[in-house]
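In order of appearance the chains are A, B and C, and numbering begins at 1 in each one.
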Amino acid sequence: MTRRDTPIYTLGELASRLGARLVGDADRRVSGLATLKEAGPDQVAFLANRAYLKDLPDTRAAAVLLHPQHGETCPAARLELDNPYLGYAALSRLLDPLAGREPAGVHLSAVVDPSATLGERVEVGASAVIEAGVILGDDVIVGPGSVVGVDAVIGAGSRLHANVTVCHGVVIGERVILHSGCVIGGDGFGFAHDGSRWHKIAQLGGVVLGDDVEVGSCSSIDRGALGDTLIGNDVKIDSQVQIAHNVQIGDHSALAGCVGIAGSTRVGRHCMLGGGVGLSGHLTICDGVQVTGMSLVTNSITEPGVYSSGTGAMKNAQWRKNAVRFKQLDDIAKRLSRLEKGRDG
Amino acid sequence: MTRRDTPIYTLGELASRLGARLVGDADRRVSGLATLKEAGPDQVAFLANRAYLKDLPDTRAAAVLLHPQHGETCPAARLELDNPYLGYAALSRLLDPLAGREPAGVHLSAVVDPSATLGERVEVGASAVIEAGVILGDDVIVGPGSVVGVDAVIGAGSRLHANVTVCHGVVIGERVILHSGCVIGGDGFGFAHDGSRWHKIAQLGGVVLGDDVEVGSCSSIDRGALGDTLIGNDVKIDSQVQIAHNVQIGDHSALAGCVGIAGSTRVGRHCMLGGGVGLSGHLTICDGVQVTGMSLVTNSITEPGVYSSGTGAMKNAQWRKNAVRFKQLDDIAKRLSRLEKGRDG
Amino acid sequence: MTRRDTPIYTLGELASRLGARLVGDADRRVSGLATLKEAGPDQVAFLANRAYLKDLPDTRAAAVLLHPQHGETCPAARLELDNPYLGYAALSRLLDPLAGREPAGVHLSAVVDPSATLGERVEVGASAVIEAGVILGDDVIVGPGSVVGVDAVIGAGSRLHANVTVCHGVVIGERVILHSGCVIGGDGFGFAHDGSRWHKIAQLGGVVLGDDVEVGSCSSIDRGALGDTLIGNDVKIDSQVQIAHNVQIGDHSALAGCVGIAGSTRVGRHCMLGGGVGLSGHLTICDGVQVTGMSLVTNSITEPGVYSSGTGAMKNAQWRKNAVRFKQLDDIAKRLSRLEKGRDG
């Protein structure tokens, strides 16, 4: 990858790209994004959370992206939008030094099998490997050291960062982002036991990722035993996540870091799993479910809402006493019932 | 790796390889494996779980692998076996398109140190690195981008998928499978504290993996501080698992995804650890122990059986009230005791 | 990497390097480190824990590193130190076969961009990739298959093992050790929701690692959204750890395996997080906090000390009863209060 500087825009260009109303000098040039507190005079800042309103009057930013109702105390030019957080997202992509750079083509040290099909403007980084029968859509970027296995398909505009592994036959949609160290399509964990030892069940299914999926660093999505592991469109998966064979995740769901989902569980659309959440196998989680961090879900969920398990941290001395009592809890409940009966009797 | 089609067998060949009794046309050719519901007329299906018996009468499969007692309602040829789930495992391996392919030799872009010893039919993928003194047994496959460190030994028939790392001096048995992104033999986490800062303890031990071990994507097994970290024969390790220095795992044990085992803990034979289970350091877990998902084990276990900790998920509003009460649990128990004494007194 | 034998020292040299008092033959040559029980006549053993005092009289070691008070029953030469555990750490580094080897230079198969700056005695392994604008300090080792992204800076004496990924613009201090499979600087998990779908927030910040940091196998440290993710000096991070965007970790803190820290949380100096601990986002944890294994911390901690959550494992049959009662806990507490009032009333 070649180096590239932060893009430069005039405020007029930014307003037009963001669909924002500009109050200020349309020709002023800006070249970066920062918080209200840290922005310098060439940068744009944003106000998307009332908690930072106190920083607005003193900002040194060239312009501030904000809701029209907060314009008055702004000492700089204003980019007014009804949803400034969405505007911040758009702005961050416009001002990303990595966006819009020219593709570098196939590096001399990359190994591309002659039977692979490469679209227009494809980039394959140094030491990367593209195996037989692979199809890379237009504008695909495969980072250095990444490996794309036999017959895998990567949709247009997708990007594999460095040292990503996409295994044989995996199908990846368009505009997908795979971060370094992630593995898509390793074998699911399937063995038959004969009473004394394990026999491997070959994992003959694949993995299908929809469009606009993102998978974080060092996450793994295992291939199906027979059918495919299915990740819907616009599913966002953080780092260190494990998705077992034949799991299905509905569109627009988001999984935070360290989530683990066991085999054949189906997660609905618009679900959000907090960091470290575990789902047992063969469950069905309906649309619109949120599970808070480090909860364990062992039963299917049929009603949207927020779910939790576990206990929050406390001082160890206090915790020890309570954790011992947890082991007596059934006994405590029974003793309480007896007392109640005694009173009533 | 080159592409390969699903193998084709006659039913007679399959019956012979599986040791099954065939009821049907021995010359019929089949070329794939699927569920009863999804199998097409060229494929074999299987019935290993009564829950799917309802799908048997309508299957379009060419043949069904099943227990003799279920043969009657089968509309297709039958491959009868006393343990159809084991039969399914064997069948999946026979019909795996990746099985039995010709090894591709050492890729031109692979870097193999002249002092390394390679057995017969060894394959080393593109951009892979084999360092000095390494010994690769017969039929070993090292996937693209994988690195085998100085003096490591890989037993016959073992396979490293893409982007695997085997560190210096690690010893790996025969028929071992290492999935992409896993790391065998990184340093254990050892430091001495001088009251103000940490001093590294060089990790001088190694890792020894027995025969028929499998390690999932992105899992890590750390090298020992002095002696070796020891993984027995036929131990199956899922994805995202962490095994710390000097851990010992007995033969035939299975560890599901996201398990973490702290230093010097010994796990017995035929143990099963559910997803996300954590074992503290310096414990001894006897043979035949099962621990359910996301449980924390902080004491040694001396009796076979099933162990659990934690609480299952519930609605967040309900959970909040109960989690607060957990912090009062010792107090609740004491108050209950006082009430009981009051009644008796 | 080339092979190298365990270094050989005389006891006199070792005493001098360790600052130990030698009782025994200064010219005796030793070449390895082992436990009291396993050390052979060419090796040094150590006694840093009273639990092993029973092994001292029978050791076959050439010399034993120990506290002066334990010298009497030692049958071998003695290296006496007030802190033998620290001495063991120093000794392990002296006797590490990998220490002190000659750097191998830049491998022919490595890809180093012409605009990268390499210090003295830098080693870049086979198939490694150094992108444009990278600066590698003196004595840096980049292992085979590792990738260092555009404009990243690696301080003097740092070592990246095999298949490490350091993303663009990341800044790494001196004497840092990064183990295989770890990823420094992948994107943080940032998206804005428009009511129906996610919009990516480009992660424009970086990651800064201080001096003497160590990061374990398969761990990930995400880059900041705007500012940087900051890891202080002498911070030790084990395997399979996830550190989200804009987290800050104070100097000398240690994080055991499988820890997960959500975005923007600040951890103080000299903190210790046990295996599998989870910290929610936007918390502040003060200096000197210890959290025991697999605890979930959802609130800031302002007082040093030991914190815990969860429940230890018990037999599943017992656990089931108690876990059901946990869901009734608020009800139990209320019933108890009613009973108490009844008694008092």
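Please note the rule applied: contacts are C-beta pairs under 8 Å (C-beta built on N, C-alpha and C of every residue); 3 or more make two chains touch, one makes a residue touch a chain.
Just so we're clear, the structure is a prediction, and the values are computed from it rather than from any experiment.
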item: Pairwise touch network: line, ring, star, complete, or other; value: complete
item: Magnitude of the superposing rotation for chain B and chain C (Cα, nearest 5°); value: 120
item: Same or different residue numbers at the chain A/chain B copy interface, by half rule; value: different
item: Distance between chain centroids, defined by C-alpha means - chain A, chain B (Å); value: 26
item: For chain C, residues contacting two or more additional chains; value: 109, 127, 145, 163, 181, 218, 240, 258, 310-312, 314, 326, 328-329, 332, 336, 339
item: Touch list for chain B against partner chain A, complex; value: 1-3, 33-35, 38, 83, 85-86, 88-90, 92-93, 95-99, 107, 109, 125-127, 143-145, 161-163, 177, 179-181, 212, 214, 216-218, 234, 236, 238-240, 252, 254, 256-258, 275-276, 293-294, 310-317, 319-320, 323, 326-330, 332-333, 336, 339-340, 343
item: Chain C-facing residues of chain B, complex; value: 109, 111, 115, 127-129, 131-133, 145-147, 149-151, 163, 165, 167-168, 181-183, 186-187, 189-192, 194, 196-204, 218-220, 222, 225-227, 240, 242, 244, 258, 260, 262, 276, 278, 280, 291-292, 295-299, 301, 305-312, 314, 318, 321-322, 324-326, 328-329, 332, 335-336, 339, 342
